[in-house]
Amino acid sequence: MTAASNRIAYLDGALVDEDQVRLSFRDAGAFRGEGVYDSARTFDGRVMWLRPHLERLWRSLAYLRIEPPIGIDELERVSLEVAAINYERVGADIWVTQRVTAGVPPEFGGTGTPTVIVECFPIPFASRAATFRDGIRALTPTVRRTPPWAVSPHAKTVDLLNLRLAAMEVAAVDPAALALVCDENGNLAEGPGANVFAVSRGVLVTPRVDHVLPGVTRQVVIELAHEIGLEVVERDVPLFDAYTADELFVTSTSYCICPVASLNGARPRAGRIPGPVTERLQDAFSARVGIDVVDQYLRHADAGAAPVAS
Amino acid sequence: MTAASNRIAYLDGALVDEDQVRLSFRDAGAFRGEGVYDSARTFDGRVMWLRPHLERLWRSLAYLRIEPPIGIDELERVSLEVAAINYERVGADIWVTQRVTAGVPPEFGGTGTPTVIVECFPIPFASRAATFRDGIRALTPTVRRTPPWAVSPHAKTVDLLNLRLAAMEVAAVDPAALALVCDENGNLAEGPGANVFAVSRGVLVTPRVDHVLPGVTRQVVIELAHEIGLEVVERDVPLFDAYTADELFVTSTSYCICPVASLNGARPRAGRIPGPVTERLQDAFSARVGIDVVDQYLRHADAGAAPVAS
Amino acid sequence: MTAASNRIAYLDGALVDEDQVRLSFRDAGAFRGEGVYDSARTFDGRVMWLRPHLERLWRSLAYLRIEPPIGIDELERVSLEVAAINYERVGADIWVTQRVTAGVPPEFGGTGTPTVIVECFPIPFASRAATFRDGIRALTPTVRRTPPWAVSPHAKTVDLLNLRLAAMEVAAVDPAALALVCDENGNLAEGPGANVFAVSRGVLVTPRVDHVLPGVTRQVVIELAHEIGLEVVERDVPLFDAYTADELFVTSTSYCICPVASLNGARPRAGRIPGPVTERLQDAFSARVGIDVVDQYLRHADAGAAPVAS
Amino acid sequence: MTAASNRIAYLDGALVDEDQVRLSFRDAGAFRGEGVYDSARTFDGRVMWLRPHLERLWRSLAYLRIEPPIGIDELERVSLEVAAINYERVGADIWVTQRVTAGVPPEFGGTGTPTVIVECFPIPFASRAATFRDGIRALTPTVRRTPPWAVSPHAKTVDLLNLRLAAMEVAAVDPAALALVCDENGNLAEGPGANVFAVSRGVLVTPRVDHVLPGVTRQVVIELAHEIGLEVVERDVPLFDAYTADELFVTSTSYCICPVASLNGARPRAGRIPGPVTERLQDAFSARVGIDVVDQYLRHADAGAAPVAS
Amino acid sequence: MTAASNRIAYLDGALVDEDQVRLSFRDAGAFRGEGVYDSARTFDGRVMWLRPHLERLWRSLAYLRIEPPIGIDELERVSLEVAAINYERVGADIWVTQRVTAGVPPEFGGTGTPTVIVECFPIPFASRAATFRDGIRALTPTVRRTPPWAVSPHAKTVDLLNLRLAAMEVAAVDPAALALVCDENGNLAEGPGANVFAVSRGVLVTPRVDHVLPGVTRQVVIELAHEIGLEVVERDVPLFDAYTADELFVTSTSYCICPVASLNGARPRAGRIPGPVTERLQDAFSARVGIDVVDQYLRHADAGAAPVAS
Amino acid sequence: MTAASNRIAYLDGALVDEDQVRLSFRDAGAFRGEGVYDSARTFDGRVMWLRPHLERLWRSLAYLRIEPPIGIDELERVSLEVAAINYERVGADIWVTQRVTAGVPPEFGGTGTPTVIVECFPIPFASRAATFRDGIRALTPTVRRTPPWAVSPHAKTVDLLNLRLAAMEVAAVDPAALALVCDENGNLAEGPGANVFAVSRGVLVTPRVDHVLPGVTRQVVIELAHEIGLEVVERDVPLFDAYTADELFVTSTSYCICPVASLNGARPRAGRIPGPVTERLQDAFSARVGIDVVDQYLRHADAGAAPVAS
């Protein structure tokens, strides 16, 4: 059950109170994992990089062979409208999320028309603020990322159980830690909704996309790095590289760029949070979005350690 | 959207019209795959093997670290009650399904109380009747079963996208065919909700449980085979064995035992449907449940080719 | 048995009628797979890229530790002579194929002298014409490509059973479809004698050579792409990339460049056959060889659907 | 080229001089590996275990989807006739081999009728005699056995290049050594045409059939072992087990049971050739076939070190 | 540096004060991992199961191709002598450990004579007592067990870095937890020097020996289980089985049988420490060795949480 | 036991006679593989590339979580001092090796202070001279390199058993051959302390660092190659590439650059030792270090075949 919110959402063509957005338990997105989603966020109310998020959503839809009942331009327009209304009501920056399921299948009495939702949620600045000050404690669980030959990591779907199992395994030993999951070959892959970068001798290293979601923020950071003259290498990243790195940080739509304080207890060699390269990239990112994204988090820093939401 | 049904269901403590069973899109079972289920069926209205299904459900819950808000005895009682009412209303044999999700997480405004549903659905005798007369056409897709080190196949969860991708790949070339998915090593594993057996020189062979759901009907068939004096071997089953088998059949709660006419176009050597061993097992199964399960399907045989529901 | 042909062939030093080219069943190329081959083709009678084909043949020979009893220059001369005679007799473009086996081993009463054959065969323009008009239907079989640590895919040998099994599995569900085999990791590899390319957002992507034969036409297409300003990336290509590509095409010595209409039923997003990038490459290829290779196929388009020959 | 022999063979319905058995180079068995075979042998002229060899041949044919143009009973009759004539002419025990290819495919001008050959060859007693006196030197090559998901090791086909590459790698360092190939997981699998057993603390251990040809002699040895009260375990056999074994031996149709003197230079701990358990099994085997199979080899022991024929 | 002890040890033929047992840094056991060892323990001063430990040591030596300069009977005699003297001096039960290295190699100026040591050390009853009262907290690290095709887990060698990395990764998040390492396929394998068992519905399940050291205590427990009528299954044990087990326990020479309180935070379902089956096995073990092994630990229970020694 | 040497060494703060450098058998570096090392060498007495060796040592220490009790600058100073004294005494070029272990752990009565050693050893010019004249015979063993997910190949540790097993397997068939170990995927990786390069059509190819130690000399050779205009590709190198290469050579600190005469008996196609590209690189290397490194070896060429020291 959800506490009542004052947010609105889009559901199959109409704007409704968010609390009214409910799915049949026979919706294929609810009972058999046939659903995709994508999330952008606002920066002082402005939605950024919405289009690449929607283009990724369209690739996810193609992979699940779902024909969306709405065009990409229309969904973009709806997303901006829903975001504007909710930003006004929430009074703080929010996620803007599109969800499409395969609907209720004909063999279960439905029409097979996909369900389309656009919804928003406040970014948990307070519960994450400490990670921007102290860095994230990251742990690699034993569970490994579902391999591409079973379900592609490039599709952003509701089948998140693999990442949830990883998160639960980590939370059982350190509730405030972030799970960074290894790929089928034991190299670093990704966290739930987060990409990871190492800085070693001035070079940025990040897992090649084979086993990870190609994050929109990941791509932005690569471009920012090039702009400020840093080399970026996309390749397999074994734990050795992470244990001997000068700096580590994660990227995500909501985190933007957040420093990692330790991986499995091993601390990056730069010795301060954030490391110098991480800080340069945070500054460049803030300049790009027009607000100080680190400061936005740090202003909530009295909120204690941060549980990680997927 | 679902066409209105006259079935009832159990939702979080109450019996309601099935159409009223809807989930918040913020239910973890709907947006991040944190949900499990299990299904028994009726035979002339009697629910059989309900307890082993519920015990498997409890193992699935433990794996997802969901504490159910209802005891196993109470859920058994509720299941029988819901089944009895719906069997009366439907007038034909039905699935009896328990569903438990992790509920709406606190970080998304919820209480984290698991959602519990018990619901029923008519078994599609008509659309499957032809497979009992002619045998199933089975195809192995390229997609392989999610490996146990990513998500265990022993937990019956709503994260069914892997099996759905397999089914879609197969349906694109033969809409009436059944997908039999190979495991990570290329051996036969399982279909969506179905186990597979080969008969070779009088011996039953079936994939060991490492990469498959340990089906309740699979276990019943193993016991029946022992009772009628057949050897059963649980081991890796490469495609070679299936291509050179005398007979092939699948088992599931609703199919019980259904012959396979061909695998990737190769026909078992027995040369008739069902093969003699398959038929003996079907007879033994019917004797056990007290109705002729094959005849029940064949009475609907004017219904044409069968799309496979997961 | 072969229907009589009017073609000639080279066998161990002499030109003979093709029908006289027969092997002892004790030839190691016939009974234990110790044989290699390579094939160029004519374009309006001119053999092109013969030398890179022969150089690849020499690498295949080195891998099988066969010392050829003929030099590369002499084999080139013989190939051109055999091609010229047969092109005259056939009256249409042909394959020009060199074959070398390990001969009859001493332990089976032979001399161990390698058998050398040069032979030609008409390219099946009629049976393939439809694929140039409508595109190839491609399917990925469950069988995966023999891994490099068992037999290198870089050697072009008569041990083609792995690719034949793939072709048979596909033909059993769609006789006119082309098998595109995945590598040991589940990424796209190659078809029998064919490489595959995807076009995504203007960039050409093709499997890196690790698990595929480095096709001569593949290399030509990469060079043509560079000449017309297209980026080409050689990397692992998961099925996700193929399912979400704008265009797909295959390359081979005889096909040159042929569009793919669907992969496992999923159609490339460009929505027409050939896609715009494919068409530009076909045009560049035709310019390079001096004949319109697409038109050559399309002139035979009344010949119906195309069985795939390896 | 083969030196003239006085042996006859069966080819597509007729008995002919062996030298006349030749294949079109367009026979699918010669140019693309579509051929199967199986070999029994004579013991003082009597062919033994012919039927299980033919049944295995039939499974190989089913795997390659070749419909044989001759029945199994007729092929058995032909085999016995060809064996009888050749045993008379050779004057010593021989292999009796059936070969079936897919014939010349229609797309290459043929009829697609399978080619059927039955032929014989003298067993090389002289060149192998030393191995029965001194034991086989066995080496594991780097090349690993083609995995079942690429081509099944259960089908006995002419695609023997994988095993030939293994044999060549070994022969390059020790021409008289036998290659024992490891499977994809690095466990012991098989030699070319040979299975392997270890004896450890009185128990026979041999690789389970997953990655090896299920040898007819292997099965005979398992049954003989049971008869003389030895436990036999079929499981994965890592090199550790072979390095610490008391005895090692190989089995094959022609070798029957031959002791291994060393594996990668490590000598079994029993310290004599043959070891005591190996000797008991050799004795039991000789009793079963009615001739002293070890003595038959040892009588040729002046012939020096033994090259291994596949 | 070591604090002075009053223990003696055997070094290359002589009994010396333990502090005098020092190795050249050019000993192959010190600089390149060429060393093996094995450990028995005393029970009220009596060394038990010494012979199977020494036989395993001999297999480890064979695997490393070290020829020991001492016979197994003599090493047994020496071990008992060293144990007797040290048990007298220590006044409590001790480990009795044999160590053999490859010595200083000739190419580094040595003789290549193996170094042989027999030494003892007090079992840390106090630091482990809490685990017998409360159960072990076990965690699976990301590091996986070195696979058998790299170094066999059946050889007990000084190359323990893989297990040390596992222990360090675990200690970084919970210094008192035990690392249970997964094998290359993600199944449970072993802890440093410890085997693991699950109890599910009255059946004992433990990893088959493929990826673990075949523990002497593991074997004793299997035999005890049979004696008290419990079924024991040796097979792959995925984490699912451990998460849904009724009881978990580990076995080792010094621990004997110690209950596991949680694995990755998930608690066995029996709900008490030790579980009923574990307790029966502990009792049977105590009866076998003639002392109450649990009580021996619990008498030290005021000593706090237990760091794990490898 | 070691023959007395006149060399000195550094041990935990003091210069001592090398023979006095001995470790407690309870040093974690001796009994459980917790030790790292690195080696530079002198060229006419001058130590080169010492700093990159020490930086690699520091990464190895970080991976093993050993805090060194000495700074990198101080260890550099000590290394130069120890090298100078020993070069004077030995009168020929030497290895200069730093060793750091985890010391004697507190739970075994120690202080846990790491042991630090700096020592020297004469490079075996005589025993290796023939390899510079005739080339190295290289063999790939069946043992494969420990994978990065078990122990990283980037850390240079005393856990060398995997490479020792490889060397022993090779030495058993050819005592003078060098083991070149394949990685977990069957591609060429590295020899004990040596990297490998192939030259194909003028391009240098060497295994990417994923499965090998990133050799300091390997890096020097890559830079020299660039300086003289050669392309260098770091990628997976299957055996096919090595079998069909024009030249092969290995690099190591002491070998510098040494030609390979054959790999598994297959000889590079250049047909002379060293090949032309190898020779150019040797010349460039000699120019860089200021002495003719090949001539230095060849002056000892009367010393016969070379056993390989790890």
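Going by the order they are written in, the chains are A, B, C, D, E and F; count residues from 1 in each one.
Heads up, the rule we're going with is that a residue touches a chain if its C-beta (ideal position, glycine included) is under 8 Å from a C-beta of that chain, and two chains touch if they have at least 3 such contacts.
Not measured: the values here are computed from a predicted model.
Student: Kindly list the shared contact partners of chain B and chain C, in label order.
Tutor: A, D
Student: Give the label of the chain whose average Cα location is farthest from that of chain C.
Tutor: Centroid comparison gives E as the farthest chain from chain C.
Student: What is the chain whose Cα centroid lies farthest from the Cα centroid of chain F?
Tutor: Of all the other chains, the one whose centre lies farthest from chain F is B.
Student: From the C-alpha centre of chain A to that of chain F, how far is it in Å?
Tutor: 44
Student: Counting only Cα atoms for the centres, state how far chain B is from chain F in Å.
Tutor: 58
Student: Multi-chain contacts in chain E: which residues touch at least two other chains?
Tutor: 65, 142-144, 147, 149, 182, 186, 239, 266
Student: Using the definition of touching given at the top, classify the network of chains in this structure as line, ring, star, complete or other.
Tutor: Its topology fits none of the listed shapes; call it other.
Student: Mind giving me all the chain pairs that touch?
Tutor: Result of the pairwise touch check is A-B, A-C, A-E, A-F, B-C, B-D, B-E, C-D, C-F, D-E, D-F, E-F.
Student: With touch defined as at the start, can you tell me which chain D residues reach chain B in the complex?
Tutor: Within the complex, chain D touches chain B at residues 59, 62-63, 65, 147-149, 152, 154-155, 210.
Student: Of all residues in chain E, which touch chain F in the complex?
Tutor: Interface residues on chain E, with respect to chain F: 1-3, 5, 21-27, 29-35, 37, 64-65, 99, 103-105, 107-111, 113, 117, 119, 121, 124, 127, 142-147, 149-151, 157-162, 164-165, 168, 184, 307, 309-310.
Student: If we count contacts the way the header does, which residues on chain F are in touch with chain D in the complex?
Tutor: My answer: residues 139-144, 169, 171-174, 182, 186, 239, 264-266.
Student: Okay, in this complex, where on chain C does chain A touch?
Tutor: 182, 185-187, 236, 238-241, 243-244, 266, 269
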